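For reference, the structure I am asking about is given below.
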């Protein structure tokens, strides 16, 4: 697996465990709610993950982008569809989204080149 | 038609005309590109409009929200689907999105109560 | 009571009721969590409300500012303390926070001039 | 003078006076520094006001935009130059800057139609 | 001392020195004002540092977060209190604050494990 | 050439090529428009690049800052002028712009120390 995928997942898992162990009720419930927001409902998981991705892009949060790219990959979003999400993000959010798009493309490539 | 719908549309149309008439090439092309970003492609117009809506919500732009609500209404997004978009926006963007959600709900109600 | 206080409270109450009635689980739980985040804990309600205020100011959300000003008023934050919160918000967030500070001062004045 | 110009100036002057009278040292010095930042230096006042305008636009602060439009008007920025500032703001900041551009154009028109 | 603490402090000190040496009056005075904003007043230094921290978190500035974590550590903010600041930041600012919270927790751990 | 200059340019060039090759019409035209926005017009290239820089600073996009620093360097913006741009950015955007200013100063130094 690529370094950036492994590093992202490991730091994320380790810190999540540490934060949840602190038992701050608000933090732990927010985590839970975050999971709920992307569950199948009137909208499909795939659509919701693309919504999460575009929101993360315009707010320019690289780690959030990586997370939703992983989920989009699992949901079999095609590269063509992905670029249409990128296009909306770049038009709404402007050229400051471009550097995040570059890093998103790099992460997406690594996700696609993982051994399945 | 409700006051807020009429006011929004009239000011928007009047100022767009004025801006385009100035013939700044970058501004006018950006307008054009904005239209293109939401056209049918690998993703449907409906999905793209929901992407535009969630992006506008987390960036907290009321006029952009109104615009995409109008388009979502045209695309027959259901109220249940709409609230799932709101949920993603509020989870990703936090409680500062709530006041914009209140105004979005008020605008959506007016859109639904228009004589067809 | 001043017009801005009445208007803010009435629109807020009416739309909250409408949103909660839709029964979107994520939205309703987020509301609940929002209440929990400001409850007495290791930090006092007064400190937490000042934290909520400064966060709302740097994110420049006027309605959120009004809400936390009401809570700070209930918690008997003094005007001198309030200006120290404003000072942190303006230093961290820059002069774009000034217009929101002006509106906050206007709302605070009205809160103080309410008949008790 | 147009209503929006008068209203903006009057509320601004009244609240500034109230805030300064509170004598919070940090707030009052920040005000002072704000004035200093736009004074003639290696860059001209005109250039600095355009910098202040573009920064206010991408941060989407309507009152800050109005303030810098007034200063740009005093510095005899032409409408053609102004639209080039708008173009940079809209490209960097994206289409969420458009609603603020519409309001900026409306304010600029009123500034130009004032009796001199 | 941990690498991230040393690196942060050294780069910060070196660049601050360089920036101040340039003698731009506005920059140097802003620095000064920044120090003033967190001094004992009607509110304690501890409260002000928590205000600075929550503001830095919702604006998602990792270096600002590190700086205020150091100050909170000096002011003997407890881990339980700190998580209540995190909770307000995450509720107000949404899940895009989570990656910054993870890095904040990692920095806080290192601060606590420093030899005194 | 310094490592940070080489790394920035290489990653940027490589990812731009990859993104453009995908042939998403909206993305590719936005790129084009971005170039157009900084071309000589009623305002000089130098002024426009300083506008792009201040916008990138208040939006806190390090890669965008690097890009405009390179262009400002080509346009022979002096260090004194540059610090006046920094001053406007820090006053408008607040102390959260400081960490980005530190990194900008580091990049500017490296640009100036390149063999010509």
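Every chain is named by a letter (A, B, C, D, E and F) in the order it is written, and numbering of its residues begins at 1.
Just so we're on the same page, a contact is a pair of C-beta atoms (placed from the backbone, for glycine too) under 8 Å apart; a residue touches a chain by one contact, two chains touch by 3 or more.
It should be emphasised that the depicted structure is a prediction, and the values quoted were computed from it without experimental measurement.
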Ordered by label, the neighbours common to chain E and chain F are A, B, C, D
Set A-C beside B-E; more C-beta pairs touch across B-E
Comparing which residue numbers chain A and chain F contribute to their contact, where sharing over half means same and under half means different, the two sides are different
Per mean C-alpha coordinates, the chain lying farthest from chain A is D
Chain centres from averaged Cα atoms put chain C and chain D apart, in whole Å, by 27
Separation of the C-alpha centres, chain B versus chain F, in whole Å, is 31
Whole-Å distance, C-alpha centre of chain A to that of chain D, is 37
Here the gap between chain D and chain F, centre to centre from mean Cα coordinates and rounded to Å, is 23
Chain A touches at least 2 other chains through residues 26, 30, 33-34, 37, 56, 58-59, 64, 80, 84, 87, 90-93, 95-96
Among line, ring, star, complete and other, the chain touch graph is complete
Given the complex, residues on chain E that touch chain F span 11-12, 15-16, 18-19, 22, 24, 26-27, 30, 34, 56, 59, 61-64
Touching chain B in the complex, chain F uses residues 25-26, 29-30, 33, 36-37
Touching chain C in the complex, chain B uses residues 60, 79-80, 83-84, 86-87, 90-91, 95-96, 98-99, 101-103, 105-106, 109
Chain E contacts chain C in the complex at 33-34, 37-38, 41-43, 47-48, 50-52, 54-59, 64, 78, 80-81, 84-85, 87-89, 91-93
Listed in rising order, chain E residues that touch chain B in their complex are 58, 90-97
